[in-house]
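Just dropping this structure here.
Should a chain be cited, it is by its letter among A, B, C and D, assigned in written order, with residues numbered from 1 in that chain.
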Amino acid sequence: MAPGAKQPPDLYNDDTMPAPVRRRSLMRRVLSNWSVRIGGIVLLILILMAIFAPWLGTIDPQVMDPANGNLLPGTQAEFVSLAGDSFNHLYIMGSDSLGRDIWSRTLYGARVSITVGLAVAVLAVFVGILIGLLAGYFRHLDGLIMRVMDGVMAIPGILFAISLVALFGGTLTTVIVAIAIPEIPRVARLLRSVVLTVREEPYVEAAMALDTPTWKVLLRHILPNAIAPLIIQGTFVCAAAILVEAILSFLGVGLPAEMATWGNIMADGRAQFNQYPHGVLLPGIFLSLTVLAVNIFGDGLRDMLDPKFNKRGG
Amino acid sequence: MLVLLVRRIVATVPVLVIVALIVFLMLRLAPGDPAAMIVGNSGTSADIARVRAELGLNDSLPVQFTHWVGRLAQGDLGESYFMKMKVTHLIAQRIEPTVSLSLLTLLITIVVAIPLGVAAAWRHGGWLDRTLMGFSVLGFSIPSFVIGYLMIWAFALHWNWFPTQGYTRFSDDFWGWLHHLVLPAITLSIIYVALIARVTRAAVAEALTEDYIRTARAKGVSELRVLMRHALANAAIPIVTVIGIGVALLIGGVVVTETVFAIPGLGQLTVDAVLSRDFPLIQAITLFFSVIYVMINLLVDLSYLVLDPRVRY
Amino acid sequence: MQTTAAVPNVLSIENLTIALPAGADRRYAVRHISFDVAPGKVVCLVGESGSGKSVIASAVMGLLPEEVKPQAGSIKLQGTELVGASADKLRSLRGTSMAMVFQEPMTALNPVMTCGAQVDEMLARHVNMAPAQRKARILEIFRHVKLPDPDRVFSSYPHQLSGGQRQRIVIAIALILKPALLICDEPTTALDVTTQAEILKLILELQNENGTAVLFITHDFGVVAEIADEVVVLQLGDMVEKGPKLDVLTRPQEAYTKMLLKAVPELGAPQRPPLGNAVPLLDVRNLSKTYKTGSWPGKRRIVQAAKDISLSIRPGETLGIVGESGSGKSTVARCIARLIDPTSGDIISGEHSFAHLGVKHLSALRRLVQVIFQDPYRSLNPRQTVGASIIEGPINFGIPRDQAWARAEELMTLVRLSPDALRRYPSEFSGGQRQRISIARALACEPKILIADEAVSALDVSVQAQILDLLADIQQRLSIGILFITHDLRVASQICDRVIVMSQGEVVEQGEIKDVFFAPQHAYTKTLLAAAPGQGFSFAGAV
Amino acid sequence: APNNDKNVLRMVPQADLKVLDPIWTTAFVTRDHGYMIYDTLFGVDTKGDVHPQMVDTYTKSPDGMKWTFTLRDGLAWHDGQPVTTKDVIPSIKRWGQRDGLGQKMFAAIDKFEAVDDKTFTITFKQPFGMVLEALSKPASNPPFIMPERVAQTPADKQISDYTGSGPYIFKKDEFRPGEKVVYEKNTKYVPRSEAPSGTAGGKHVYVDRVEWVILKDGQTQANALINGEVDMLSWTPPEQYAALKANPNIQLLVPVPKGSYAMHLNHLIPPFNNPKISQAAIMSINQQALMRAQMVNKDLYNTCTSIYPCGSTYATDDTSYFTGKPQFEKSKALLKEAGYDGTPIVLMNPSDFTLLNKFPVVLAQLLRQGGFKVDLVSMDWPSLLARRAKKDPADKGGWNMFVTGWGASDTMNPLFFAPMTGNGEKGWFGWATDPKLEDLKGQFLATMDPAKRKELAQAIQTEVFNYGLYAPLGESTNFTAVRKGVVSGLVDSPVSVFWNIKKN
């Protein structure tokens, strides 16, 4: 007999069954991931900067002093507003062609970009969930819904957004809706495929056998298991939305030009990119950093939550 | 096979009808009046009313729609409001630059991204993998116009290696064609390489966990063969699928890249048409892009037949 | 095994210890393993799931995942040390000196390569032969492993072959270069009993022919009895017992081995309490189900999965359905529980007919019939606490939450789990425990009929024995009817009063255990019985 | 690669050429295109004097009621056919249906007939003082002469045959809207012998081919010029001015007079249906701030309070209360007096139009200083054009104010200037009802006496400010940038013209 062989378990005493493995809480598991940490911290800093923009050495992002146009980063100059007030101001990131402070505009722009990113993600995911659940669970609706989704998907997203914003005017709502609509089919498809696989899971069949009403099956059993891929998808939608907002402004069909958004700052700066690249590059760094942070965060979440990487945990 | 092809093509018709309807409604419900645009700065309200009537913009929406669809069914996409030209002619003029740019981008992407992705999957978690994934996330995060401007600044203005803008027709001058497309294609391919490399890595990494890989290794075959013949061949479907889906991304990228490099392609035409409310042109381009998208994805679907013997439609 | 000492061993493992990475369920995959495999002999590694059988096999092949490393000991293949050998060295030995057959024939072959090409890789890599010669050689081995129509198989893709045929391809790959050592890791577990019997026979034949040494991994004592010369028993990475087959199977020394053997169900009519002539709880008449798959523009496919099935279940009775994979067992179960809609036929209980009621009117049936599924890992919602899963049914039937919860606590005791467990998530439980929770969930609705669809097939024998015991106990107490679906004839014979034998959607034979199993009428039933491995061995009786 | 072909001139035009009919649209770029391929009966030189162009000689009766014109020799269409009065008369008639001044002229015309192939007469039924100004009108729409078959196209339809008799031939097969427009030298063109000046004089062509390359982005335009990929930018983007000026390989020229910008008000609906409130808005203007913001560099603009181009014939600094400097207190007082109720005024901002999109932003701030509530509404240029045609109340999709730009050729004569209307809803956007203005314009039209005209021009200026019709925001210098040492010979002209250019 080999040393250390164990006693056979008693068939009728449950105490010797393998001790239940304590699952680390999902939150803690997610937070232990480096990508999530780094992405999250960067994002948090950016969000805090956006919230506390008024206290971070900024001035009103709209006020201009044409005489102080195109100052290089770090210039200290006398600011004379159109209203006639004058004060000494340090242009941390220089000024744009109208003499507006790029640092202030960038910080206030963070509010817009982050709002757009979050709103688009939430909107696309929410509507996508509704459509995906309908299509995935009510098979007779599937054909029609999916044809419409295919149609929306077949129109290149950017074209759609450009047209919508150009045609309906660049308000925050239009921009959010215009960026969100092309994302909806993707979310809906994802959700539908998750629903189609999850609904075959024995526990869903079991719930049906327990006479659970359909809406409850959807909300209690199917949706929670689709949440992880949706959150991941949501982060990528968010990152893409921030970029698309900038692209729309760049193409001249974004939010109103005087509004401080990263896209608008860059669109203004691009007219003189060769002489004053700071007008594009500095806000560009903020933009890229944000998108990067969201992407890294999403990647981390994926590693943690995606069932593919995490076979039995759930 | 032929029956299959026909059936699949017929199946795309409802999708295109939906596209047509969406685009049409979007245009007609929007504010902004092409007539005002055509009349110009010194025209008057009366001029605008006259042009509206001339363009048939005063008819009811269903009438306008049936009119348009009716002509569409006869293959007539209409005439641009501004340039008295058939929109098909205008689109035809712009296809070559866009197709050239897209194909070159695709070529660069496939040549670069797939080997990178395979290498990363092979050394899953190693430095190559990390670097590559870092690059790919970065590629997703920098707006393409910033990359484009930096490229122009460095390679066209500073070193003078490439032209800053424009396009030369393939038939006029092959080297000129290539010369004009290098920078835009690289700019455009960055995000695409990021995407495809990522998918390749994931698909190959997943294939590498499959049992048949273990069987192959148990046979003692070389690692390269395991990667290419076994893992990559099985990862082909997701990769091709994403290349197909990526066409939408590519079209979006084309719009921006063409603007940055002033390439007279469909992307620019689109922006122009939207900004001038040239309804027939917008409708035609969107429909055109949708057809391309649908066809490419049909092609992708058909490619499954070749890539995976299990697939039967 | 003193007699073979003169012949050098093909494989000798000594004091092998393999460490697991941090965070794994234990520190060592296996510890202090020593055994030898002599030429022409079959050594069986047995043990419960997770005992380290596959890790040993992978270690020999040099295919351990990177994070798992041999820490001590040696593995010698024909005198060559494999622990610490270079990747190139191992690669050249693989295929030529040692080869392996894996468990899952469905996934072991590359789906996008023809079978011929996959065998050809072996030749192309290791021997210098012209393509035509290679092809001839491959066709020859295909004939040898008794593949029908070798030419067609050569150019077929794996998915065009049946599971048994695929496994023959894998065996052909393993044996084409006549390796000295063949490792088989549960090569027949995924196959039907009849196919399993053929494959086992084939392996033995080839082994005899070439004098190959075989390391055979299995958890099925029937197979061990059939094939082994020597047996090595593992428990959680430790070697518990080893010795010649007859010694281990009939005179086990260790308590663990005894326990394992005792848990193996026997093929025999057990004592079952007699059933009165009670009114059936449920009558199923001429039930048929046809699946239509594929939608426009794809191709339509029609599968007739169940044809004209009639059966009835009485209180306290266990009705078994046995049959090979794909014979329609699950389809029947799902139809009865109305998880899918039967195409035709009737399901009657009392004066109600349920076969064609709309989903909204099925409450009565839901109370009557509950289901336990095969896969313990997927039959509980991972995002719900166990308690929430159990009380879901009662709440749906209008029972107040408190009352449902109290009942759930009782049920937990009934299935021998602690009531505290209600607040935990399924992932915190082992497979056997989850299956008990599933039973508790089904019982919470106070059903009259329990359908168990392969409810024990995924479990180790010891755990399987516990669950079967539990079911019998519950049935006795509550006098419910059980529809027990299994492919394992031994299990069926242990627990059922009557069985139905299904083949290709049809009932071929039905009746009492003693009639069907000991005096089968139908040819299909006879083959099925003949193929069951380890006949004549009475494992539990050995203890 | 640099374009070193001496016979090919590559230039970036002011905008993308879309509409090819210069009678049908007023777009500047279409007008420029018109001057490439068409000829006019008369031209104007840089001083504003009118000289015969296609016309050889002309006479008028002493009372000015009957004019006789004779075409010069050697005029031919691009297809080789001679130009005759059969072509001229329908051309002028078609123009007369579209152009504002043309309409006025035809209202005064009694008879317009051909005498023979070369001679035609115009007989007036009432005095019309601006015959030569009309026939040489450089601003949109100039009366271009087209072949008879083309001129017979209804005025509200675009032409589709682009045969002209001008110095260049339009290459229709190479026309790619949004990409390039190609012209070839008209080898059969016979230039006048006088030196070129403005749209008058000899139109010589020294290159075989002119390619208009459409580049929309200012940075791209500058890059292309610096790299020699194009030879010339017709309108230098203000943002690029400094960089181009500093570049030793680039030369900046000013062949066209300054352009100007104006703030336009909607007089149909409140509050600017009240002249006092309009005046208050005009008092809030700060020309210096506005121009600086839009033009970026101080070399590119100057303030100018006159409604006529500063330095031109009719310009004076007698501009009533308007100083171009902000008078916020006065404005507030006026608003109080007029009883401005604080409804926000809708100021439209064409945010995609880089030559206009900064004015409204600054203007909004100025108006707020002046006591207004402002609702700055951003939209793209097409939306602005559509919206300004709407007569609805401002909060129901209408508008109160926008800014746009004009060429000197538009503003140099009150009758050339489209917004100069006081005939209510029949007039230009803003629909001012100012009978006095209409009356002054009528008098201006009727007289031929320069002194009288000057007087009337001053009266019109005063009336514009008193009514608060619109207000000038300042003038901008439009530089043309060329490759130094490569391109020479640009002609100074009221509108951009591209003959006489040499390349080496």
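The rule we apply is simple: a contact is a pair of C-beta atoms (placed from the backbone, for glycine too) under 8 Å apart; a residue touches a chain by one contact, two chains touch by 3 or more.
Values in this document were obtained by computation on a predicted structure and should not be read as measured data.
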item: Selected interface, A-C versus B-C, where C-beta contact pairs are more numerous; value: A-C
item: Inter-centroid spacing, subunit D versus subunit C (mean Cα positions, whole Å); value: 88
item: Inter-centroid spacing, subunit C versus subunit B (mean Cα positions, whole Å); value: 49
item: Whole-Å gap separating subunit A and subunit C, where each centre is the average of the chain's CA atoms; value: 45
item: Between subunit A and subunit B, centroid-to-centroid distance (C-alpha), Å; value: 23
item: Set of subunit D residues in contact with two or more other chains; value: 217, 219, 223, 352, 379-380, 383
item: For subunit A, residues that touch 2 or more chains besides their own; value: 166, 169, 252-253, 270, 273-274
item: Complete list of chain pairs which touch one another; value: A-B, A-C, A-D, B-C, B-D
item: Touching residues (chain side subunit C, partner subunit A) in the complex; value: 25, 31-32, 235-236, 238-241, 253-256, 258-260, 263, 295, 334, 337, 339, 359, 362-363, 366-367, 369-371, 373-375, 377-384, 389, 392-393, 396-397, 416-418, 421, 424-430, 432-433, 438, 441, 445, 462, 465-466, 469
item: Subunit A-facing residues of subunit B, complex; value: 14-19, 21-23, 26-27, 30-32, 133, 137-138, 140-146, 149, 153, 157, 206, 248, 251-252, 255-256, 259, 270-271, 274-275, 277, 282, 285-286, 289-290, 293-294
item: Subunit D partner contacts - residues on subunit A that touch it in the complex; value: 62-64, 66-67, 69-70, 82-83, 97-98, 166, 169-170, 252-253, 255-259, 270-275
item: Complex contact set, residues of subunit B against subunit D; value: 31-46, 48, 50-51, 54, 80, 82-85, 90, 93-94, 149, 152, 156-157, 160, 163-167, 176, 179, 259-262, 264, 268-269, 272, 275-277
item: In the complex with subunit A, residue positions of subunit D that touch it; value: 217-219, 222-223, 237, 239-240, 242-243, 286, 289, 292-293, 296, 349, 351-352, 354, 357-358, 361-362, 365-366, 369, 376, 378-380, 383
